[in-house]
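Single-structure report; data block below.
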Amino acid sequence: MKEEGIELIKDGKRLDGRGFDELRPIKIEVGVLKRADGSCYFELGDNKVIAAVYGPREMHPRHAQDAKMAVLKYRYNMAPFSVDERKRPGPDRRSVEISKVSREALEPVIIKEFYPKTEIDVYVEILQSDAGTRTAGINAASVALADAGIPMKDLVSSVAVGKIDGEVVLDLNAVEDNYGEADMPIAMIARRNTITALQMDGRMTKDEFEKGLKLAMNACQQIYELQRTALIERYSEM
Amino acid sequence: MGLEIMDDVRRDYIYNLVRRGKREDGRGFQDYREIKVEKGIIKKAEGSARVKIGNTEVLVGVKLEPGEPFPDSPDKGVIITNAELVPLASPEFEPGPPNEDSVQLARVVDRGIRGSEAIDLSKLCIEEGEKVWIVFIDIHVLDNDGNLVDAAALGAIASLLNLRMPAERYGLSGEGEEMIPLQDKPVAVTMVDIGGEILVDPNYNEEKAAVSGLTVISNTDGTISGMQKYGREGLKEEKVSEMVEMGIEKADELRQRFL
Amino acid sequence: MKRMYKVVIPGDFISEDVNRAGEGTYIEEGKVYAMRYGVVDEKDEIKVVPFVGKYQPAKGDVVIGRITEISFPYWIVDIASPYEARLHMSEVTSGGKKRVEFGSMHTYLDIDDLIVAKVTNTDAMMRIDLGLMEDFQLGGDGRLITIPYTKVPRIIGRKGSMIRMLKEKCNCFIFVAKNGRIWIRGKEEDMNLASEVILMIANEAHTSGLTDRVADFLDSYRSKMVRMDNKGLKR
């Protein structure tokens, strides 16, 4: 991972001017798609993602139905133009794994027993990518699920922490991700301190992990407030 | 791996056992099943190992082939990890393209090796920008009785321990078969949460009964080089920290005994 | 500024009064939380009325369905729900007295026909059985509009006050089914007005004082129409 010759921290600040515990600017819009049952547009710095929810609806194929509850499906997909080098359309191994992890990140809050034999489809499209797309996708999906009227216990909020130039920092951008030493995307139910997704690559000590976890928890709380505000305001501005 | 729905009866049985401080096979909560690691068992492969953890059996073979480097790292070799859940290993595995479980298995193992920098990729450069060694790590699951990740990760690193460069076969620098020294020995430890207890090395039934789990991959110096959470329920923050600590500790044990 | 009902999102704390917890809420550690994104209604029990959602059929509901398939001896009916419903052949044959030949079911009810039916049974396998209502066939010059089923109570209003006003002032026949489908029949311009008002109610269902606002809207619309008619005459 580590490349020599790129200084990611100068005078205690990151290249984009952020402090170690600072999120990139976030923008959330609810109900942006007409046809979907629920939707959300989410920006995190230069990441632009959109999530749509369809369902609960009849599940196909029928043999995959669960007689007791709804089945949650999640598709993470990157637009070919979302990255510097064109991404070949369609699922690759990375997106298959991210889809699985993201689905599991949301499952703990969804009350699936109300709609047996149905499926709830979450489609996340990454329109522009600048590191952190899976976390942005989970944030958008969580809001879109609420918007679709899906019964849920809570929202899920997600952010990545990482290590650059030996420092544990919040929310890596693409340059930091490419040249940093470690990256750890986390999703959680912010108000319950419950972790619903956790991945890590690169290298960090146990203390750095603990520090990262605290940073992430704090940030998820902030993201949660923004998600909540976006949902509440949608029906307040009449 | 895929913590799926199992029938309620079996799940209740597992939970009841755990509540009484027991496991199906009589182990302690933090004990691994019996582990066997045999290195170099496939002659045709440049590195190989068969790992058994209880009844779980995984064969890992490593092949090296010259190929093109990635444009953004012209002087570095490439690691490609792949996992096949072949139908002979479980009634649940089906032939066909990799599903999300096999993709996840491969990627978690891959991240552990990459993160630890176990292989010095700059040693795998043949001609900068033109030709480098591609390291294919292929995980072949033979019998799935749970905890494929730890078996596969252990198999991968054990295979890499006796890795030779097949230079002659490809008409490159006639120095015979040079060994590639490893810089680290990452070890994966997988744990599940059952009724609030942390169980190390879940067998198949435990894996199915659990609703959440975590793999922690750590290195000789105790640093972490990969993590992945599984399952349809969340884990409390304290639980995750506890698992990380336990994972590092158990990895050290395995490293000393088998690598 | 319209007064709003309290908007909540899933996980929001609503009350400690667990005995009054109703639809759209869940109880955890002795507290009532919102389970859906919607507005809180505390009139009788504590409920969260979701802004949108999928209709869940319940026994006794009267719904508007659309025939999608004929699968002897059933018609398969789309009822704007994740679950399709079925209507047994005997429903059109006065309890089986008349004999319907295999292959002739479409002569009674065909694909895309709209029907008014009552949910007679639901089971754990989510099989939904329908029975036809007396005037079951919808067709001709009417118009079908669909709103989220969660807004149906607002269209009806307290003790039917809203729907009564709509029928009267729009001069239309209006039938509101539990699944969010609404059948309107009347003169073209009357139907246009009724559709517009119904959508307005659906869009503002989470605000209070709606009945008064709708009344104002209808009155001003009517007087505008009169003015426009006069203009038309001048020309």
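Brief remarks follow.
As written, the chains take the letters A, B and C, and residue 1 is the first residue of each chain.
Here is the rule we go by: a residue touches a chain if its C-beta (ideal position, glycine included) is under 8 Å from a C-beta of that chain, and two chains touch if they have at least 3 such contacts.
Model, not experiment: these values are computed from the prediction.
Taken as a contact graph, the chains are arranged in an open line, each linked only to its neighbours along the path. Comparing the CA-atom centres of all chains against that of subunit A, the greatest distance is found for C.
Remark: subunit A and subunit B have CA centroids separated by 26 Å (rounded to whole angstrom). Our note on geometry: subunit A versus subunit C, Cα centroid distance of 36 Å, whole angstroms.
Per-chain Cα centroids separate subunit B from subunit C by 55 Å. Counting only residues that touch two or more partner chains, subunit B has none.
Listed for subunit A are residues 189, each touching two or more other chains. Of all residues in subunit A, only 37-38, 55-58, 67, 109, 111, 114-118, 146-155, 189, 191, 228, 231-232, 235-236, 238 touch subunit C in the complex they form.
Within the complex formed with subunit A, the residues of subunit B that make contact are 5, 98, 100, 103-104, 106-107, 111, 114-117, 214, 219, 222-237, 240-241, 244-245, 248. Subunit A meets subunit B in the complex at residues 1, 66, 93-94, 96-97, 99-101, 104, 107-108, 182, 184, 188-189, 192-206, 209-210, 213, 217. On the subunit C side of its complex with subunit A, the touching residues are 2, 4, 7, 9-11, 24, 26, 28, 33, 35-39, 50-54, 56, 82-84, 124-126, 148, 150, 204, 206-207.
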